[in-house]
Structures are given as structure tokens and as C-alpha cells.
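Here come two complexes built around subunit A, the first alongside subunit B, the second alongside subunit C.
Take a look at the complex of A and B:
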């Protein structure tokens, strides 16, 4: 039989089989390593647990600075994260728990500490200000309202979860 | 498609001679297992290189998770093995591959020895091969400490005591390797640096010399 009777020459056939087998072997080697490397993308996100912060009966209409601890797991590193929430009751009685992280560049804002602008959240870094409900005041640096903690009330106790962003404006 | 891309680059850079020089070389009949099956003994050098490639690749990926610190090393290994997808496979490749590499080096050395391939004019390549053997043993020794478990700790203590038994300068060698007066934080950092930077650099340099020499001198003749 001559090569002319075949569509694939002997050289091509050997090329294809060798490249195919070689490619398969290389893939079995590299695939586990690739999956290993991209694992952070595919790790299931665990919902953060709700943490008890204070009793509902102690919540007033004035924002109170409350510290609470969240147990965090970062790979092999387990640590306690200290979080702060400003907690108060809105006029309609809803509980609002604001994150004090400024949406401008991430400094920590404080409640009512700027005599020139009473009853506002004030950021010491660049003078960003927010209303009591955490809405950024136009003309100050922050581009978005303060984040809000997910809240849950059970048996008269307030539990806080993740911070949810309220988008940019 | 690929051919067009290749042609486009080749037209500009004339890359064909580059890989032709590497790829085109005589493979004598006496080393080709297709003619004489017993010629498979000539594969051990290539297999050693293959396992070294696996070691380098799997090692690169392991360092994405591994931390060379006494407080975190063991936990990071435990995490990458048990929590990261295919961690047990990637670590397993590196763990078992290390032993396979040494076995392959040994078989390759036996083949070269019993076929007399080390004789003139190939003495220099034999010397480089022996240096490669020492570098690979060093990689095995330094890598053994990195998981930072009890086996790693005591194996390293034994190894360093052997180093310390060297006449006259033994104690200096031990302190130099240990980086401290105990096997501890500084030893781990030092062994990590040696394992992932110094010895691999030496390994690649020596491998390049090894391959250049075999290409220049050709494969030794049949028995």
C-alpha cells in the first residue's frame, strides 16, 4: 500500500498520535494544578453568622457606637474581627445599624463629633459627612451612603450580619 | 490557523533554525527501544528530567498556599491538602515525585556506569551529573523539613547532626545550615529559601550544562 491510498500520511498519523498522547499526558499533569490554583474562585462562600450585639430595649433614637466580634476564617488563619456598628431606631421604629466605614477611602466615621455639623456622621480624613441615616451629604467627598448591617431581632435581642452596600450616588 | 501564526512569526524572526537545532539529532539504533527493547535503560535520564519538570511545576503551585513560618507552616500544609481542591494530588505529586526523582537519578547513574558512558571524552559530564545528584539530594533534604511536622523536625535534626560530624568544620556547617542554635524558625526560613531559590537555580544551571554536553558529544556508542 502506498501513502497515496490514504488521506493521512504516515508522518501525519504519527504526528497526531504523538501530539495527542503527549497533550493528554501534559493535561493530566497540569489540570489538577490549575484547579488547585483557581480554588479561591470556586470556594463556596459561607454566609456569615448573625452576631448578638445588644438588647432591643436599649436601642434609642440616638446612634450608639457598639463593638462586636466576628469570628473569621482566612484559609489556615482564624481570627476575631472587631466590628463597629452605629445602632438606632428610625422615626418609624425600624432599627438601623450603620457601618462606620467611610465610602470615600475607608476611614472610620464618628457620630456627632464635629461641632460645626451637629447630628451628622463625620469622617476625620477628608471631612466627609453623612446624615443620621447614613446618606452622604452632597458636596463632601463620599460617593455613596454608609453600608448597612443586615439585622435580625429575636427574643428582644438584636443580631447583626454582613454589611450591605447601598450603592453609589 | 496555528500554521499561519507560526509562519507569521517565522517570517519575521526566522525561528525555525532555533528549534531545528534542538530537535534534529541522531538517535542511534542501540538507544532506541523500538529496535532493542533492552534499550529502555537509556530512558532513565529523560525520565529524570520529566520528574524534575513535575517537581518544579507542582512545587510552584504549592507555594501559592504554603507559608515557611513555624506558626503557620503545618497549618498551611494541612489547609492546602484538605481544603483546597486537588490539594492532596498536587502535594502528592511533589511528595512522591521527590522519591521517584531520586530513584530515576539512581537508575540513570547505574546505566551510565555500566555502559561506561562516563569514560573519555565524557568525564566532565559525569562530574556535572554527580553535582546534579548532590543538588537533588539537597532538594530532598531541605524539602523534607518544610511540612514542619514531627517527622520533618527529627529527620532534620538527624541530618544536621550528620553534617556536624564532619571533621573540623562540622559544627560550622551545622550552624550555617541551621541558622540558629536550634532547629527552629530560622532553620525553616533558611531551608525554604534554599529549597525554592538556591538549589533550583543550581539545578537548572547544571542541567543546561548537562544537556549542552550531551548534545555536543553525542550519545556514547554501543557496548
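Take a look at the complex of A and C:
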């Protein structure tokens, strides 16, 4: 029996075997680590879910301040975030849910609390003002309209989702 | 704005809009009075966070000024003056000290913008009452602060 009859020499055979076993061992160790490292990326994105806020029948044409809690996940860090929405019906009957975060530097605006400018949103920090539908009033600091929550009505209940910015104007 | 790089970057860019600093005054001790002391600090911390959240465009929440209860009041006052001078030199126009520690009441006349609030054991409240209560308290503190801005 000569080695020439075989395609694989003893040395090659040993090399292949060691490489195979070694590679397999390395993979067993590395694969779970990679999985741990990118785990937050694989998780389903939270915060996109819709949260029940109020019944549609209670929505009036006057903006109402509603607080609701959103469970947020930032990587491994889980926390509850208190959100506020100003909710009302527009003249055409559409529901509008405004985010009260001022587009200037992020203070919380309030509805109709400035006697000098009734029926507007007013920012306590630098006097920014917005119309009822959240459009920034020229001559005041905010560069853009107030953000709008994604809304969804199901069985007479209003659900809110993420805030969508309305860009600069 | 919070005391973290991301917010302070913004602060440095928008300095002309940010002129108010909030400093919680938080006592420490490790004897029998510990629990009450912790409660005072926790309460002030919660209020500070909430005020920052609502007025973040004009307010920086400074890390707390902490001191052992044993530290003499004059010593604390001296240290606090150093802090305050540093903040005013750094662009702070209004520096508010928020505390639940009754010690500072004696210095109310010397410390401009001291906001003293009696601590409340929030841990015994359920979440909804707690949120309402904090919102109400924060509302009145904010009125004090925004009132100063307008005048």
C-alpha cells in the first residue's frame, strides 16, 4: 500500500481535521458572543406601538391636556416616559394630537395660558407661540410647527403613536 | 438641560437663551436620621428632574450640592458661594437653590432664590397620586421661576 493511491496525505489529513475541529470550536465560542453584542439591534423596535389615551366621544374642539406613559427601551435600558398630548377636533372633524415640546429648545408649551395671546400655545421659556393647530407664529423663536402624534381610532378609542415632526416653516 | 455632554454641547451653542441654573442642595448623614435625610434628597432630585424636563430650553440642572449634616452652616455657605460665583461668571443669570433641608431656612435672607419645600414621602404614594402631586408642586415652583424671567 503506497501513499500515492490516496489523494490525501497523512499530513494533509491531520491538517484538515485540526482546522475543522478548531474552526468549529472557535465558531461555538464566537457565535453566541456576536449574538449578545448585537442583541438590541435584533429586538423588535418598541415605542412604535399605539397607546390608548382617551375615548373619542370625550374629544372636543378645545385642546385637552392628556398624559400617558410609554414604555421605552434604549439598548438594554428600559424606562417609562411620561408623554403629554394636546388633543382636539379640528373644524373638519379630524382629530389632532399635538406634542407640547417647543421646537425651539424643547421646553413644554401650554395651551391658552397667556392672557395677552388667547387661544394659542405658549412656551414659558422664550415666549414662543403657536396657533391652535400648532403652527409657529412668525416673529417668535420657534423655527417649526409643533410635532403631531400618529393617531389611530379603534372601537371609539383614540390611540397615539410616535411624534412626527412637521419640518421647518 | 442636563449635566451631560450632549446637552451641554447644545448649551454652549445656544448660550444666549439659557440663563437659569438649578442646584439641588442635598444633605447626607449616616446616623439615625438617615432615612429622613435620604427622603429630603430624593424629593428635591425628583423635582429638579421634572423642572428640567419642562423648562429644558432655558434651564441647566446642575449636579447637586451635597454636604454632611455635621458640616457647619458657615462652611457650607462659603462653599456654596464659590459655586454660585462660578456659575454666574459662566453665564448664569438666575441661580436657584432647591432644598428640603430646613437648615437653609436660617439663611433665606442671604441666599437669593432659595426654594424651600418640605419633603414628602413619595414612596408611600401610588403612581397616579404621586405624578399629580409632583406635577402640582413643580407647577408652583415653575411659576416662581418663569415669573422672574418676565420681570
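We adopt the following convention: the second predicted complex is superposed on the first by the 122 of 169 C-alpha atoms of A that agree within 3 Å, B and C clash if a C-alpha of one lies under 4 Å from a C-alpha of the other, contacts with A are read in each partner's own complex, and residues count from 1 in each chain.
Going forward, a residue touches a chain if its C-beta (ideal position, glycine included) is under 8 Å from a C-beta of that chain, and two chains touch if they have at least 3 such contacts.
These figures come from a predicted structure and were not determined experimentally.
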{"item": "Touched partner set for A:29, first subunit B, second subunit C, both or neither", "value": "first"}
{"item": "Which of subunit B and subunit C A:75 touches, first, second, both or neither", "value": "first"}
{"item": "First (subunit B), second (subunit C), both or neither touched by A:143", "value": "neither"}
{"item": "Partner chain(s) touched by A:125 [first = subunit B, second = subunit C, both, neither]", "value": "second"}
{"item": "First (subunit B), second (subunit C), both or neither touched by A:107", "value": "second"}
{"item": "Touching partner for A:37 - first (subunit B), second (subunit C), both, neither", "value": "first"}
{"item": "Contacts of A:67 with subunit B and subunit C, given as first, second, both or neither", "value": "second"}
{"item": "Intersection of subunit A interface sets (partners subunit B, subunit C)", "value": "none"}
{"item": "List of subunit A residues in touch with subunit C within their complex", "value": "67, 82, 102, 104-108, 123-126, 141"}
{"item": "Complex contact set, residues of subunit A against subunit B", "value": "29-30, 32-33, 35-37, 39, 42, 75-77"}
{"item": "Touch list for subunit B against partner subunit A, complex", "value": "54, 57-58, 61, 64-65, 67, 72, 75-76, 78-80, 83-87, 89-90, 93"}
{"item": "Sites on subunit C touched by subunit A in the complex", "value": "10, 14, 17-18, 53-59, 131, 142, 146, 149"}
